[in-house]
Amino acid sequence: MTEQLAVAVLGARGRMGIEAVKAVEAAEDMKLVAALGRGDSLETLLEAGAQYIVDLTVPDTTEANVRFAVEHGIHAVVGTTGWDASRLDSLRELLEQQQGTGVLIAPNFALGSVLASAFAAKASKYFESVEIIELHHPNKVDAPSGTAVRTAQLIAEARKEAGLPSSPDATESALEGARGCEVDGVRVHSVRLRGLVAHQEVLLGGPGEQLTLRHDSFDRASFMPGVLLGLRKVAAHPGLTVGLDGYLDLGL
Amino acid sequence: MTEQLAVAVLGARGRMGIEAVKAVEAAEDMKLVAALGRGDSLETLLEAGAQYIVDLTVPDTTEANVRFAVEHGIHAVVGTTGWDASRLDSLRELLEQQQGTGVLIAPNFALGSVLASAFAAKASKYFESVEIIELHHPNKVDAPSGTAVRTAQLIAEARKEAGLPSSPDATESALEGARGCEVDGVRVHSVRLRGLVAHQEVLLGGPGEQLTLRHDSFDRASFMPGVLLGLRKVAAHPGLTVGLDGYLDLGL
Amino acid sequence: MTEQLAVAVLGARGRMGIEAVKAVEAAEDMKLVAALGRGDSLETLLEAGAQYIVDLTVPDTTEANVRFAVEHGIHAVVGTTGWDASRLDSLRELLEQQQGTGVLIAPNFALGSVLASAFAAKASKYFESVEIIELHHPNKVDAPSGTAVRTAQLIAEARKEAGLPSSPDATESALEGARGCEVDGVRVHSVRLRGLVAHQEVLLGGPGEQLTLRHDSFDRASFMPGVLLGLRKVAAHPGLTVGLDGYLDLGL
Amino acid sequence: MTEQLAVAVLGARGRMGIEAVKAVEAAEDMKLVAALGRGDSLETLLEAGAQYIVDLTVPDTTEANVRFAVEHGIHAVVGTTGWDASRLDSLRELLEQQQGTGVLIAPNFALGSVLASAFAAKASKYFESVEIIELHHPNKVDAPSGTAVRTAQLIAEARKEAGLPSSPDATESALEGARGCEVDGVRVHSVRLRGLVAHQEVLLGGPGEQLTLRHDSFDRASFMPGVLLGLRKVAAHPGLTVGLDGYLDLGL
């Protein structure tokens, strides 16, 4: 029998943390050794023998958590935001002194979303036209979504490299906003609808054909396969990796 | 055997007219008795014994064509644009003197599109949220499409009657245009993509559910079943009817 | 201020009942006066002054609950299954003696689903081809879904009335099952996919065009707007109504 | 200015050939030097100075055409079917004697379709469930489509390599055919609908999320960007390549 990974969840009483605790407990190749909430001591990680942490805390505490883990040779999978360039640089320096320890910081753990963005960038080199529609619940305060912006940037970069012009558009008269917003030259449309969670479509068109890449997040549970995949692969990727796509076999 | 309807096509050498000639010839219950192009004399209709005309000409000539038909007791199905309120009023007067003759003027003969708009208006009274996405080829010069504008107006009217507020939207910060344009308070998004023809989605959302009504026009052929239906029903609807939905059993 | 409807929920501790309690409490025009679970006495309804009940119990008890309500002039909205023809007949007899009391028995309270089925039947008279795809979570034990079977039956009936032949199909060689199953001559395809809840698409096709009617149920919450609509309308519909579509302004 | 590729089209009077002639003429980096139909002499290729041929003929003549081209150092892009294992082997032998000459034989030139199949195989390793829906016009005689079979085989292979079990399915009672057919353990559903051309959806599902990869072929024109891409890259791929994906930057 394979030995189980000893995993601690930090931020275990938050909405994402609760899901992560369940997911680790349900995974046959993992063992939950600690579940820490706000105020719990990091020393618990050592007492519990944690080899891996999942950090789902808040921007204020994530850096201290991850640095503590790295200093003790514990691999870290991080879903918390707030890692700006200076924090990342400082973490990279620390990791150089801790050869063999791996950290994954991922803004998005939904495998399908990460795959869809990568495929979209790949495919956009072969089509004349590309536009993005993102659809979310009506309580969302910003538009377009962060994922849509990142997808548009990846697409714009891929098309620039391939020397492609922008998508054709003969529009002469339009009501204000009809053609969406532009992110690096890619049109993005934001739909807000009661009943939805988080959804995105990338539409690619060429003469006589269309390719559509759609991702639907129905539930917070959609992040857990990505978290588990991160835990299973982080030890094999020493140093810092940003973005789950670095662990996927995308050949990108 | 049922007697065949004697049909003449006007504008028979235009793109729509060519399709109409084919469609009438292929219909077992119809007989093509004349196919007139620019410059052909309307007297031909009488010589050929036409009981019905399909007018697919141009704004400049459609009024004279239809008035000639009505004056001779010939029913007319009209797809040409350019019928403003004054032309319509004048035609109504003429029809009052020609009891028993029917005219159908329809801006859109695609059955699916007419049904989708009617269903959308009907359904919009039962959902918190509604938005429209229309998708067309990139050579289209205006945005949103005329069909999308009409659909939004029908929806807005139905919701107003039902006393519904506008769709919920918590957006605080948005890139310009991200949330589409507004037609009578309904958000409309216009996508332009090589390979497409004419497509429309009405998205309706309530707690935990979504209803999507999508229509795709792949081809000019999509207008012909509506033209044939118009021909089959126009004699039973004396006077003027505007819009194909007046002939459909929608119970609206 | 309008008077509030005095509503009791029966089966209040079941999954649907819990949602109904929440929905009634949140509705401004309603007041929850009782929430009964298994074993609670029906007399409570009288003590609490209930004018309306929502029955979300089990096939064994629903008949007694509804008969008790009707006998006391309390209107009933019923989502429980198990109402066969003989129970319905017997209830109709009782209602004849209780003029003014209304009962709604609905196998499906999702407004979008009820609308989609009604629209599908309506539209199917105008298209050559129609097929159904239903998509559910992989724990579902039967295929196709009950809703898909009912939708196919409604479509088959509408097409038969309109004198339409079955959808064209030139298939000569097929792997077993490729073309789905047949319900009253309508092809139905059942997809089972992790992550899904309950979804259905009706695809209608004619020359050069397609109409797609899709309904997504993401959540049990999707039934509540239908339950509330039933409560608001049941008093205006004395006697027995089967199916929520009887209360919708569908003009069908 | 870059020199133009000197291209000859074989089978130039067939439906695909007519499109290819148009596409080559419209491409700025190509020059149409010959357009051969049934009965025209292959010697014309030499007289016209063809450096490349596009073979869109019939199974009976394609082998002789391609061998003639290779023997004269002309690169070939081939869309004709009928290349069985023995023909391919024999062509490979010939190519070994003609170092520097390239041949691409592709069963499918629609870029979007090739990309969608490759992405589906890639993604299927990360999801519990996968099913395929293919949708075609109702004159198609076989079900499922060849593309759907190939996509299912690619997916089955990728999942087997990754050690994944088959998609979960708790179905106990089903109408015959409801769950589609099985190709290497992958469920495939075939829809036939008037108005459609050739369409395919691969649905991938995991806890709380879905990824959908859809390709629509509206028109024969959809094959031309793939043919042109083949012409531009064949010289850089000496020897035999089967499948357009070998030329795409998929990192697969």
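We just call them A, B, C and D in the order they show up, numbering each chain from 1.
Here is the rule we use: contacts are C-beta pairs under 8 Å (C-beta built on N, C-alpha and C of every residue); 3 or more make two chains touch, one makes a residue touch a chain.
Given the structure is predicted, the values throughout are model-derived calculations rather than measurements.
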Rotation, 0 to 180 degrees and nearest 5, that superposes chain A on copy chain D via CA atoms: 180
Pair exhibiting more inter-chain C-beta contacts, B-C or A-C: B-C
Chain whose mean Cα position lies farthest from chain C: D
Separation of chain B from chain C, taking each centre as the mean of its C-alpha atoms, in whole Å: 34
Distance between chain centroids, defined by C-alpha means - chain A, chain B (Å): 46
Separation of chain A from chain C, taking each centre as the mean of its C-alpha atoms, in whole Å: 39
Shared interface positions of chain A, touching two or more other chains: 127, 195, 204, 206-210, 216, 218-219, 222
For the chain A and chain D complex, residues of the former touching the latter: 110-113, 115-116, 119, 122-123, 125-127, 204, 206-225, 229, 248-252
Touch list for chain D against partner chain B, complex: 195-197, 216, 218-219, 222
Touch list for chain A against partner chain B, complex: 127-131, 133, 135, 138-144, 167-183, 187-196, 203-210
